[in-house]
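In what follows, subunit A forms one complex with subunit B and a second complex with subunit C.
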Partner chain A sequence: MASFVSAGLIGISLGAQYALLALGFTLIFGILGVVNFAHGGFYVLGGYAAYSCVTFLGLPYPLAVVAAMLATGALGYVFELFVVERVVDDHLATLMLTLGLYLMIGTGIQAVYGPESPQFGFPVTGTLRFAGFYMPLENLVVLAVCLVAIAGVYALMYRTDLGRGLRALADNRQVAATQGLRPKLLFPLAFALSCGLAGLTGALVTPILSLGPLVGEPVLAMAFLTVILGGFGSIIGATVAAFLVGLIEAYSVVYLGGSKGALALFVLVLVVLIVRPSGLFGKEARGA
Partner chain B sequence: MLSVEDIEVRYGGITALHKVSIEVEEGETVLLIGANGAGKSSLINAVIGATQTCGGRIRFKGQDIGGLSADRRARAGIGYSPEGRKVFGTLSVADNVLSGAFGMGRRHQKEAFDWLSSVFPILAERAEQPAGQLSGGQQQIVAFARAMSSYPKLLLLDEPFLGLAPVWIQRISDAIREIQRRGTTILMTEQMARPALKLATRGYIMRGGEVRRSGSVADIGDAALVEEYL
Partner chain C sequence: MARFSQFGGEIAAIAILGLSFLVPFVTDSPFVYSTQNLIAVAVTAAFSVYIMLRMDLLTFAVPAFMAIGGYAAAIAGLKGGIVDSFALTALSFIAPALVALPLGILILRLRGIYFVLVTFLLTQILQLLIFETPDLTGGTNGLVGMPATTLFGIELADNRAVLLLAIGVAFAAAVITALVSVWLRREFAAIEENEVLAQSLGLVVWRYKVIGFVAAAGLAGMAGFSLVNMLLTAHPTSFSPQSSVNYIAYTIIGGRGSMLGPLVGATLLVWMSSIFSTHGEFSEGLYGLLIVVVVLAARGGIVGTLAAGYRRLSGQWRAGGSAAPIVGTVKEAAHERG
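== the complex of A and B ==
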């Protein structure tokens, strides 16, 4: 029983991290129609930005996390405005550009910081014991921050004028433009938001998991899988699927053993795609 | 208010509009009438900027808007209710209406929504419902309200009666009269000449991408009704 509850808590904590990554990924696809292959790169960049702020600038960790989020958000904004924007409707071009940016981020970090993992630990350590089950404190902190960030994304998307404009653009870009919504203003903002979320997750999670130039690849794969499971472009789908993926991963590690977890996930996604090709919460396929 | 001079619209090798010129004066309701493929929607799309034009000029309030993007034309004061409604199906009714007044501030948005839902009570009744779940006529009201929430000087209505039951044609006609009462200038297209002629002050008959006749409703009424059956 205790391990069941503990695994559940770990699963929710993992799910919250995946939700932040998947939300950013699905926002860019939903609003711009772009699959951002650099998403994992922004996660890595967030980790290294926070690491640099703590190690070289001596900033306290919470400030470093904020700085990492802002820095990755700013890079996302600039990248969309000057690079993606020109070819935003060309799927092949955006694929090449975002993939290229990912490679540049990975290689750039390797050139500056070297290929080995830097020493970057989470400032809070210890374990919370409660009624027979336990949970690492660091996971609890990450969970709390992730939940606040997820709530923030929802508030932004569903309670503000900006969010309404973004959702209108996601629904039908051509019509939205004829109603006075400005893609040239809103697309870079959406990209910045998405990349900032990836950077935030990287800054929060890499001290616990690991930091290295290539840790973005599994992150991209996980974001991809989560968003496909939830339905491409769906905000609620991404959130629900992320927690589902987190819980499955945590439980399968405990009850099936490490390597079978990924297998269980892919089987689940396969079954869902056979039964519901557009994902759990997906609408019909987006027109090219 | 709006002056279109000699514009051409081509899709690939096909000429959809050939040297079309129209004028819309302030306070008028001008009707573009003609069968499918006459070029009515191409003309509306050219005015809002949803279609590229080659040659000719489009002036709005004296300013050449031919080089502006669609969103800048909308913000210059042109409202647009597209053919087939095209409401944002995943957004709530309220979000649809308010998205037309993006960036204009909460006070403007609240005032616009209150005014529009006093004219069209269904907007308040269905405020939280996804617009995609509404009937065609209800969606047409939402599309009107979305276009009107920025208080445009000129409203473009593309086929507002398309696919609607007679009872809704009557209601939509009332809605258009309500918009006219506000002093909004309207340029509308319609295949159904009979109900549309009752709303308009002046009209253009289009066929094959050209304007064939123009004049007051009394002058072109009979010709327009003939056109409808040919």
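== the complex of A and C ==
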């Protein structure tokens, strides 16, 4: 029973991380129609940015996390404005551009920091014991920050004019544009928001999991799984599916062992594609 | 997209690969042998990406299908005692094609983005599957000790014979690619130019996408067999998910408008990587940069840009890019296939 509860807590904590990543990914897809292959790259970049701030600038960790989020967001803004924007309606071209950026980020990190994983630990350590089950404190901190960030994204998307504008663009770009919304202003902002979320997740999670030039790839795969399960472009779908994926992964590690959880998730995705291709909350997904 | 003449790219690619059979007889430099062997594998795999790109689909599944083909051939050699090169090549084509068929029917009816993401996941998953099935695939140890392959009963054991087999596989892959792209030329063009229009005029788009996907999977499988035969081992690291972007890079940078593109791209980039192998960690970043340059500045890649330059020099202008010929192509294709 104790291990059941512990695994559940770990699963929720994982789910919160996946939700932040998947939210960013699905926002860009919903609003711009762009599949951002560099999303995993921004996650890695966020980790290295926080690491550099702590190690070389001596900043306290919370400030480093904020700095990492701002830095990745700024890079995303610039990349959208000057590169992606030029071919934004060509799905294949944007896919290739973001893939190219991902490769350059990976090589850039290797060139600056080397291929080995740097020493980057979480500042809070210890374990919370409560009624027989236990949970590492750093996971709790990450979970709390992730939940606040998710709430922030929801508040931004559903309670502000910027969010309403972004959702309008996602619903129907042409109508939104005739109503006075300017894609050229909002697209880079949306990209910055999404990349900033990936950077935030990286800064938070890499000290616990691991930091290295290649850690972005499995993370990207998890974001893909989540977004297919939740339904493309759906904010609620991405959130719900992320927690589902996190729980399945945590429980399968405990009860099945090894990588069977990832295999089970892949099979689940195939089943969803057969039964309900639009995903759990696919109503908001874009048509062809 | 500009093409030389109607089938110029296909003919040129097959001819060049045919001529490359001569290289092992001209030199016996180990550097040339190993590099040409790697190029032969890379070209075969890049053809797989090329076929999918003809339909505006980006595939990350090449390493997955390479693994299926390569392991199928290795297991057939180890456990079934099959050593005939033709049988093994055919097996390495058929095994991944059989996996691709149901998967393609499932995901190619959906929007293109599903295809991209599922192929990405497939490559990640196949690695795990190899680790989870040590009895069949050898797990992390891989499979070693395959018997040497034979051609008409003659054992292909020395370096030259292995290289000749790799060139032979690449040549066969080129012929298959040419046949598919000539056979479905109009359907592919219709899908690439305007899928919605093609569909509205009665072309059953997903059916042709599935045919292309099955062929592409088979080609990747042949590349996997070629790689396993060269390394004398079937090992999960040969089919890493990261390698999928290499094959994409070869095709896009070489040029996706002509069959010469993947050939030129794979040859140049593999050759470059062999020369600068001490700085191998930077090759991916270079590929990334070149992909960005191609997308923003030189849509046709190396081959397309050179061809456009040549046409401009020789003054052969051809009108292109208007809607009328596209509708014509789509209508023609829809009419013929019903």
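Quick note on the criterion: the second predicted complex is superposed on the first by the 283 of 288 C-alpha atoms of A that agree within 3 Å, B and C clash if a C-alpha of one lies under 4 Å from a C-alpha of the other, contacts with A are read in each partner's own complex, and residues count from 1 in each chain.
Keep in mind that, in the parts below, a residue touches a chain if its C-beta (ideal position, glycine included) is under 8 Å from a C-beta of that chain, and two chains touch if they have at least 3 such contacts.
A quick note: this is a predicted structure, and the numbers were derived from the prediction, not measured.
Trainee: When the two structures are overlaid on chain A, which partner does A:32 contact: first (subunit B), second (subunit C), both, or neither?
Mentor: A:32: touches no partner chain.
Trainee: By residue count, is subunit A touched more by subunit B or by subunit C?
Mentor: Larger number of subunit A residues touched: C.
Trainee: Now for A:172: first (subunit B), second (subunit C), both, or neither, which partner does it touch?
Mentor: A:172 sits against subunit B, while subunit C stays out of touch.
Trainee: So, A:180: does it touch subunit B (first), subunit C (second), both, or neither?
Mentor: first
Trainee: State whether A:253 touches subunit B only (first), subunit C only (second), both chains, or neither.
Mentor: In the superposed model, A:253 contacts neither subunit B nor subunit C.
Trainee: On the A-aligned overlay, A:193 touches which partner chain: subunit B = first, subunit C = second, or both, or neither?
Mentor: neither
Trainee: Is A:93 touching the first partner subunit B, the second partner subunit C, both, or neither of them?
Mentor: A:93 sits against subunit C, while subunit B stays out of touch.
Trainee: If you look only at subunit C, which of its residues touch subunit A in the complex?
Mentor: 53, 56, 58, 106-107, 110-114, 116-118, 120-122, 124-125, 128-129, 131-132, 196, 241-242, 245, 248-249, 252, 281-282, 284-292, 294-296
Trainee: Per the contact definition, I'd like the list of subunit A residues that touch subunit C in the complex.
Mentor: Subunit A reaches subunit C through residues 29, 35, 83, 86-87, 91-93, 95-97, 99-104, 106-108, 110-111, 115, 214, 217-218, 220-221, 224-225, 227-228, 232, 258-260, 262-263, 266, 269-270, 273-274, 277, 288.
Trainee: Help me check something: in the complex, which residues belonging to subunit B touch subunit A?
Mentor: 48-50, 69-71, 74-75, 80, 82, 86, 88-91, 95-96, 98-100, 102-103, 106, 109, 146-147, 150
Trainee: Using the touch rule from the top, collect the residues of subunit A that touch subunit B in their complex.
Mentor: By the definition above, subunit A touches subunit B via 161, 164-165, 167-168, 170-172, 174-184, 283.
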